[in-house]
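Quick one: structure below, then a few questions.
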Amino acid sequence: MWKIADREVSSRLLIGSALYPSPEIMCNAIKASQSDIVTVSLRRQSVDGADGESFWQLLKSLDLNILPNTAGCHSAKEAITTALMARELFGTHWIKLEIIGDDYSLQPDPFALLEATKELVAQGFEVFPYCTDDLVLCEKLMSAGCQILMPWGAPIGTGKGLINPYALRKLRQRLPEATLIVDAGIGAPSHASQAMEMGFDGVLLNTAVAQANNPESMAKAMGLAVSAGRLAYEAGLMPEQDTAQPSTPTLGTPFWHHYPEHEPTR
Amino acid sequence: MWKIADREVSSRLLIGSALYPSPEIMCNAIKASQSDIVTVSLRRQSVDGADGESFWQLLKSLDLNILPNTAGCHSAKEAITTALMARELFGTHWIKLEIIGDDYSLQPDPFALLEATKELVAQGFEVFPYCTDDLVLCEKLMSAGCQILMPWGAPIGTGKGLINPYALRKLRQRLPEATLIVDAGIGAPSHASQAMEMGFDGVLLNTAVAQANNPESMAKAMGLAVSAGRLAYEAGLMPEQDTAQPSTPTLGTPFWHHYPEHEPTR
Amino acid sequence: MWKIADREVSSRLLIGSALYPSPEIMCNAIKASQSDIVTVSLRRQSVDGADGESFWQLLKSLDLNILPNTAGCHSAKEAITTALMARELFGTHWIKLEIIGDDYSLQPDPFALLEATKELVAQGFEVFPYCTDDLVLCEKLMSAGCQILMPWGAPIGTGKGLINPYALRKLRQRLPEATLIVDAGIGAPSHASQAMEMGFDGVLLNTAVAQANNPESMAKAMGLAVSAGRLAYEAGLMPEQDTAQPSTPTLGTPFWHHYPEHEPTR
Amino acid sequence: MWKIADREVSSRLLIGSALYPSPEIMCNAIKASQSDIVTVSLRRQSVDGADGESFWQLLKSLDLNILPNTAGCHSAKEAITTALMARELFGTHWIKLEIIGDDYSLQPDPFALLEATKELVAQGFEVFPYCTDDLVLCEKLMSAGCQILMPWGAPIGTGKGLINPYALRKLRQRLPEATLIVDAGIGAPSHASQAMEMGFDGVLLNTAVAQANNPESMAKAMGLAVSAGRLAYEAGLMPEQDTAQPSTPTLGTPFWHHYPEHEPTR
Amino acid sequence: MNIVLNGKAVEIPETANLQAFFESLNNEDAAITLPRQFAVAVNAQFVPRSQYPNIILQEGDDLELLVPMQGG
Amino acid sequence: MNIVLNGKAVEIPETANLQAFFESLNNEDAAITLPRQFAVAVNAQFVPRSQYPNIILQEGDDLELLVPMQGG
Amino acid sequence: MNIVLNGKAVEIPETANLQAFFESLNNEDAAITLPRQFAVAVNAQFVPRSQYPNIILQEGDDLELLVPMQGG
Amino acid sequence: MNIVLNGKAVEIPETANLQAFFESLNNEDAAITLPRQFAVAVNAQFVPRSQYPNIILQEGDDLELLVPMQGG
């Protein structure tokens, strides 16, 4: 168990609910991931009359912590309105604050993000900001009241993994008190494990699972990888060496090298 | 279950028995790893009278498949003699064939390796050659009778992970029939998972577990990571994208951008 | 010749004047670099009475474009005052705007940077902002009136090269109108060339030259590498291939393979 | 000037003569590269009656050192016959020994390469082996009489640069006496410079120049980059640092931070 | 009276407050079906449920009525 | 009167304007030697050269007098 | 007599030595034009120029005649 | 008679075959204690257990007696 915001949960994997081939596969994948926290959004009901009700009932049946997002917002004002609506709709003061500054990279806008964070913290929200790996931005978000920071690993949906591990490693070193979650860009279990090995507190992902050929298996894989990475971080990774070190003991090796017939072939 | 050589096993992690802080920790770590195959060596009994008996009884109690190695050999002749002794001593025709061509990098000697492989195959061994990622060498080893190839990820004991993923990926593509196991150089669960995601059949490691602050936890982490990587390989990884793709649906996004008070701050 | 701000210059290498073993070596290195633009700072005269006069006379003798910086400033206000002093002292409206947001990484503060930029542009400066590779920040700086952007390659003085080539490549693609100069982090000619091959307009560096064993030779090397990278960008780099392509023609190869004595040894 | 085999030359760039859009462009590019050594091959005269004569006259007019290759050979025997023919045809005992072990990767066959090298050295050739970065192979080639080794950077024609810099760096460290030339895989000037910065003695390339939109400019770029890399190696590269170091002196910085109006905006 | 509901022009009775408007949507022949679970913004300002009786829709008002949806 | 000059406390005559103060520094026994080339800030505000005659130093003023220096 | 020349079957007079054979190629109506610069292998063995007069071609011989070409 | 056992010179009775030699090591005052589990090479050639009675040790023979050990 570990503490995120005001709650104790088991899993360090946070998972999204979008892009699955079917609601049933979504459910099975989320269960297989063993996640305790799932992200959702707010949208107009769709033209075909679907009112989100069946999705919502399905999701509620999983009995997980809900983390609504403000995906699609481009300004602090929009994001604040969306957050307020989310609080009423989902009955939670948690909000994944996502304000896009560029439509191609879906990069967070650091300026609007800080502005909205200040307002939402003042209104009692627990803000989970989707942010860049910019240390100065991250420090300002913490000063504004964030306990949790969610820097990107790579742009949303690219599956590139951690494109700037140096920056992420520095974030972890410099912000030991923050709850740090890599959000976006994870494409494979090895990426998720790498983030956890660095000491990140969690990983949030969606596309890599939902768009796998077999989302349920991939969800399970991601859950295992996050556990593996955390265990390894706690177990203390061996330091990387530049030169080889034998694993098998050399003491007690037979000295056969002086036999002429044993001469190496070179 | 999967088939390696002539046996069915569950785990795709092969683990070494060396360098642990104590025999008890070795046992606990090997159990925690869930490995089915453990590597051992042959040495003179040590000066303090230890005759390998207690180690051997301990290891036998784990009831695993034993894979003896020829670590420390520098020529085909030495390795062949060691393999013959191992077959009698451990009662198995499996041999991890390790012939060092350079004492600093502990790199395999491709020439002696091929020579010894031919002889050992002729004598009925199942040869697990510790080799480089050289495709031509690997093809010759297969022609010489190997079903299994164990290319290095990085030099033994360095923990660098996969230093040449391009070469390893090509090996996997070109040798679909071979049982491919990354042996040596793994330093973290993310490395092990990465190898499995590429389609490797297994991972053999020792130092990263034995030299962790907590070997038992690290062993468990490695076992999980190998499972995660394999699951992901089978589930079909998402293709890497160069540009961002939203995960949350854009359909149904409220159009608030035209409100003056919603203008982005930039 | 190419145009930077309002001037035509030959070289695409901008060089710093700090950290050299001696003023004479500084002069020789700057000459060897063939740079047309050199950075300077403002400081109190040193305790030993040195009033910057000899340094300044030496630098003026090189007859280059002077680019004063605001190094050491931590707020917009400080930077603005420093810029105003620099304009009078050096007789130029060019200013390398450097506002540190973190004393360990010497990372730019995006917020103070944007604030100061707006004011300095209003006061008639040509602002060369030392910035991160954050696209949203870069776009806001351009909206604020910058023609030139100077994203970091890596933290100042680390010599790590381009730690996030993906972000830099995207900056170049997305901001085709901007004059983009990689500033900071360059440690070797290959780093400088890489930036230029991506289509950056220039490179600004200091430590890698000043701290080389032989600054003059290193300065020359950097100048050549910047030229090489630019030439290559203009000449059109070959696209990277995943599989091998023979360079020597295969047409006309003798067909000797059917001779038994020519059989490959494998 | 530096010594390669038995000759003194100026340039450390060796260039190929294949794949150019036209003989004239080939000539101009080779001149622009400032190379002193150019590779050629032997083939049947082509169906259209071209007998290699015009190519050969053109190449001779450049007055460079000729390095014939054995491209296309798959066995030691073929390569030896080709080398003997090349010696007579081109009047040189230099031979770039290229024996392909795999038609997809165009990877050298280490076994045939060593076999042919022994024979050719015995017959008085100066062997330039196109080899892998395998240290054991390289040591055996030197024992067989090679002064020069030409490990690949990446597979021929891929332009990937140095795919295993760790192995290449180790080769340089371990074989200080060898003349080491990176051959194949270079795609950009930064790759060539990187090899030279590591202390390699030269670089051999062809496709990256011949297939550029503008081969002549690219050839010049490669020549500059090789010079830059060598100069930098000799000038002593700064060691990479993990944390930032200011370049502008901090001594004498005005202490303005205590002014309320100077407070950082965060 | 015309307002914009989730981006589409709809005609509604005058002087309706939000509460009444939503109740009217339960008619079989309503323009849209009222979702069971939703949150509301009028002219890009959030309106809490408790305020529905107090909000009188005006000509040209922009009403957003959002429901739970998948998200990443 | 006491002011701070480049971080150090110095005593100067009362009611000096900047111009006069700087001229006084050309005396051989001045606290510091006036650099040939410099720019000035008083209390962290830039003072252009043309304003030197108009600026009267006050007790406790913080005077920065900066010169060209190496920079990266 | 039939031999293979650079991969193609050609008919040549009996008992020709290499020297004579090459000279015959200078005729206008020869099967191929003799290149000015070349090296020779017979049955995949290099034949030095000095040995041309001593080599008698046999039925079915495989003659390679190579010229300078571009190479990487 | 002198042989080398695991790298150390030891003196043993003449004409001992391997079987007899190993049995002699079970004496309390033997040079080394015979391990319970081992494999043998004489002069770098493997000797299978079944051959112990047939192998007569010679002056200067190099006897390796290896036991199970940790390995990676």
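Read from first to last, the chains carry the letters A, B, C, D, E, F, G and H; within each, the first residue is number 1.
The criterion applied here is as follows: contacts are C-beta pairs under 8 Å (C-beta built on N, C-alpha and C of every residue); 3 or more make two chains touch, one makes a residue touch a chain.
Treat the numbers as computed from the prediction; the structure is a model and nothing was measured.
Asks: Could you tell me which chains make contact with chain D and chain G both?
Replies: Joint contacts, listed by label: C.
Asks: With contacts defined as at the top, give the pair, B-D or B-E, that has more of them.
Replies: B-D
Asks: Measuring between Cα centroids, what's the chain most distant from chain A?
Replies: G
Asks: As a quick test, compute the distance in whole Å between the mean CA positions of chain E and chain F.
Replies: 68
Asks: Report the inter-centroid distance (CA atoms only) between chain E and chain H in whole Å.
Replies: Roughly 95 Å, centre to centre.
Asks: Express in whole angstrom the distance between the two chain centres, defined as the mean CA positions of chain D and chain E.
Replies: 71
Asks: So, what's the distance in Å between the C-alpha centres of chain F and chain A?
Replies: 55
Asks: Return the residues of chain B touching two or more other chains; collapse runs of consecutive numbers into ranges.
Replies: Only 16, 18-19, 41, 43-45, 69, 71, 77-78, 81, 101, 104-105, 107, 109, 111, 136, 139-140, 156, 160, 206-207, 246-249, 252, 254, 256, 259, 261-262, 266 qualify.
Asks: Which chain H residues touch at least two other chains?
Replies: Residues 6-7, 41, 44, 64, 66, 69-72 of chain H touch two or more partner chains.
Asks: Which of the residues in chain D come into contact with chain C in the complex?
Replies: Residues of chain D touching chain C: 16, 18-19, 41, 43-46, 69, 71-72, 74-78, 81-82, 101, 104-107, 109, 111-112, 115, 155-160, 187-191, 193-194, 197, 206-208, 210-218, 220-222, 224-225, 227-229, 231-232, 234-254, 256-257, 259, 261-266.
Asks: Give every residue of chain C touching chain G within the complex, in rising order.
Replies: Touch list, chain C to chain G: 246-249, 252, 254-256, 259, 261-262.
Asks: Which stretch or stretches of chain D touch chain B in the complex?
Replies: Per the stated touch rule, the residues are 101-102, 104-105, 107-111, 114, 132, 134-137, 139-140, 154, 160, 163-164, 166-167, 170, 174.
Asks: Residue numbers of chain G touching chain D in their complex, please.
Replies: It is residues 6-7, 32-33, 35-41, 44-46, 48-49, 64-72 of chain G that touch chain D.
Asks: Quick one: which bits of chain E touch chain B in the complex? Just the residue numbers, please.
Replies: Answer in residue numbers: 6-7, 41, 43-44, 64, 66, 69-72.
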